[in-house]
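A short write-up of the structure that comes next.
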């Protein structure tokens, strides 16, 4: 569509809304359809896990690095996983240089919460020596092109990165950390596959996976993370309000659409053999 | 605490069969792939894989300058931002840009400026964003090379492309295109870039120790390598268009000669 | 007083009714005597003199500098030995000029250009508009109202011509560039035939250098597009195209056709291929 800078033209807004009223989206999708997913895993040689994920024209490259450190005192036998996001200025004329702003922090935190509460990462497997040494995983997302709905793309990107991981297995021998020659791989570290789905709302109409013009115009968004049969996190953003019925409807939709996406993407295929 | 696998380098950088550790001959380049137009939002963009290096470059401009006080009333400005992803290196890099990245940004800007006509765009800025997603030696040279492609892809008038390569000396031998290990464990590294319209050097650095004759040899060998890389740049720039021409004409592309 | 009010009403009514006339078959192309070379672009893609030789910045076009003169998009090297290309584009030889028709590039405003402008900011004395150029363009209120319609009496449109009430942020305007130079922000006017605010339809953007291809030689391409998709189309120099069709399916088809033109602008036989494309797609998508 038009080169979108910070101002959306009234024409575009009206066009989008008028068509949405007829349940037509400007790119031809249905209200509950995702754009095309493209996924490549283990693409970064310097990283211990990585993914290059595109959702429509939104593209995020994620990589995993590890450090060995002391565990948190209240969970002495558990490793840690932190998620970070950077909205690179090369990804959009709307992004500015500088430290992570609200949008990148929201992306990181929403993706993080979707994964954290879903029994996804088996943090006990990330323990080398209780009380002394655990793995600290850094999952860092870099937005390469922004075209709406960073959250869902980020969620899949982080998940595939973890699934593709191959972290050298360490053991203490004579007080020194040695490599056993083996690796901790995605199937050891990841159990559940939480999917986060984002719905946009414009003028009362709700739809899945906002594209860029839809996202810039929408009054609000609701992101719901689900496993096979549970809701694991919800985030509402923007000034729009949702009725209780709408939230109930969307939670059910999220479970159904999440299951469909899990099946379509077949995420376990991205496991690396090490 | 240390990582499980340590970052160690062998002393011998040549194998028994005389080849370098990755199987290359002394003056052989690593495999290089380039592609333009990879970031739809940018005015111009390019992606490069050079050995294990994976680098994106995107150009925005000419556009208004922020902060405004940096704008020049009589000419445009060129700003380059070279950054590395945290996972691009063996030991995770802190997310915030460090001094090395800032230095390299400046060097690349100085290197690209001679081919642009900044005086035609007063009060505006060209911004080049370089993001290294995977690093393995010679990143500033690879970045310069891919940035120049991105500028051309943006349709910005340029006197020519700019090409760069990292020459070096390992185990006493002058070699072309240092890999990461060779860069860290070798005796000298010499990143060098050329602007083709006047065949002059626009980026030059050197670290290590070399005799004068070795330096001469290094510079001579560089020229050969730069020409090879330049051919790859040209192909990448034209590829998209030629493919479309072939696609629509069923393989018969008339090429007028002059 | 009564007289004034009557006049005011009349004035306001007139302004509300200001519906944009639908422009005729071929759009725009007003030649300024100064800018003739620029506007010759319109034929250039299908010119005999344009080769299909793709050239890139720095590429040597000729070393025969005695017989050839560097034209558009080229440069004679300082030692006079060769003419090189400055752009990525198609090599063209016109008489003894060597030109390069660029395939990529940003829009540079010239006086007389018709542009689609987006109002992005305004203050009491001027509008700031995005015209897809390196700087925002300025639209002054006096250039939004026809001269001679100003009333000197208080409460009349005199106020209107001095304030920025007419347009809002987010409005799409068809405007004309009245001044543009290296150093100052370009200035626009919305007074004139076909100029003013657009209220329906949708605007898309393509690479500005490809705009001539969407028009075609003597409007051949735009005629095909209009006829086959039954849409209204307004093409402007700054890479933007306003379209309005019977329904979203026709509009989407037109957008796809325009994107295809953009992609294949440097090839031959494009008009026929686009005709074929639209007809095939109509069948595939089940639209008339």
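Should a chain be cited, it is by its letter among A, B and C, assigned in written order, with residues numbered from 1 in that chain.
In the analysis below, contacts are C-beta pairs under 8 Å (C-beta built on N, C-alpha and C of every residue); 3 or more make two chains touch, one makes a residue touch a chain.
None of these values were measured; they are calculated from a predicted model.
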Chain pair with the higher count of C-beta pairs in contact (A-C, B-C): B-C
If every chain is reduced to the average of its C-alpha atoms, which one ends up farthest from chain A? C
Whole-Å gap between the CA centroids of chain A and chain B: 31
Centroid of chain B to centroid of chain C, CA atoms only: how many Å? 36
Whole-Å gap between the CA centroids of chain A and chain C: 40
Two-or-more-chain contact residues of chain B, please, as numbers and ranges. 63
Mind pulling the residue numbers of chain A that touch at least two other chains? none
Residues of chain B touching chain C in their complex? 43-44, 61-64, 73, 115, 120-124, 152-161, 196-198, 234, 237-238, 241-242, 244-245, 248-249, 253-256, 258
Mind listing the chain A positions that touch chain B in their complex? 43-47, 50, 57, 59, 61, 63-69, 84, 86, 88-93, 96-97, 99-100, 133, 138, 140, 142, 144-147, 167-170, 177-179
Along chain C, where are the residues that touch chain A in the complex? 118-121, 130, 132, 168-172, 198-205, 240, 248, 252
Sort out for me which residues of chain C touch chain B in the complex. 51-54, 56-59, 61-62, 73, 75, 77-78, 84, 86-88, 91, 93, 102-106, 134-136, 182-183, 207, 209, 263-264, 266-269, 273
Which residues of chain B touch chain A in their complex? 1-5, 39-42, 45, 52, 54, 56-58, 60, 63, 66, 81, 83, 85-90, 92, 95-96, 127, 129, 131, 133-136
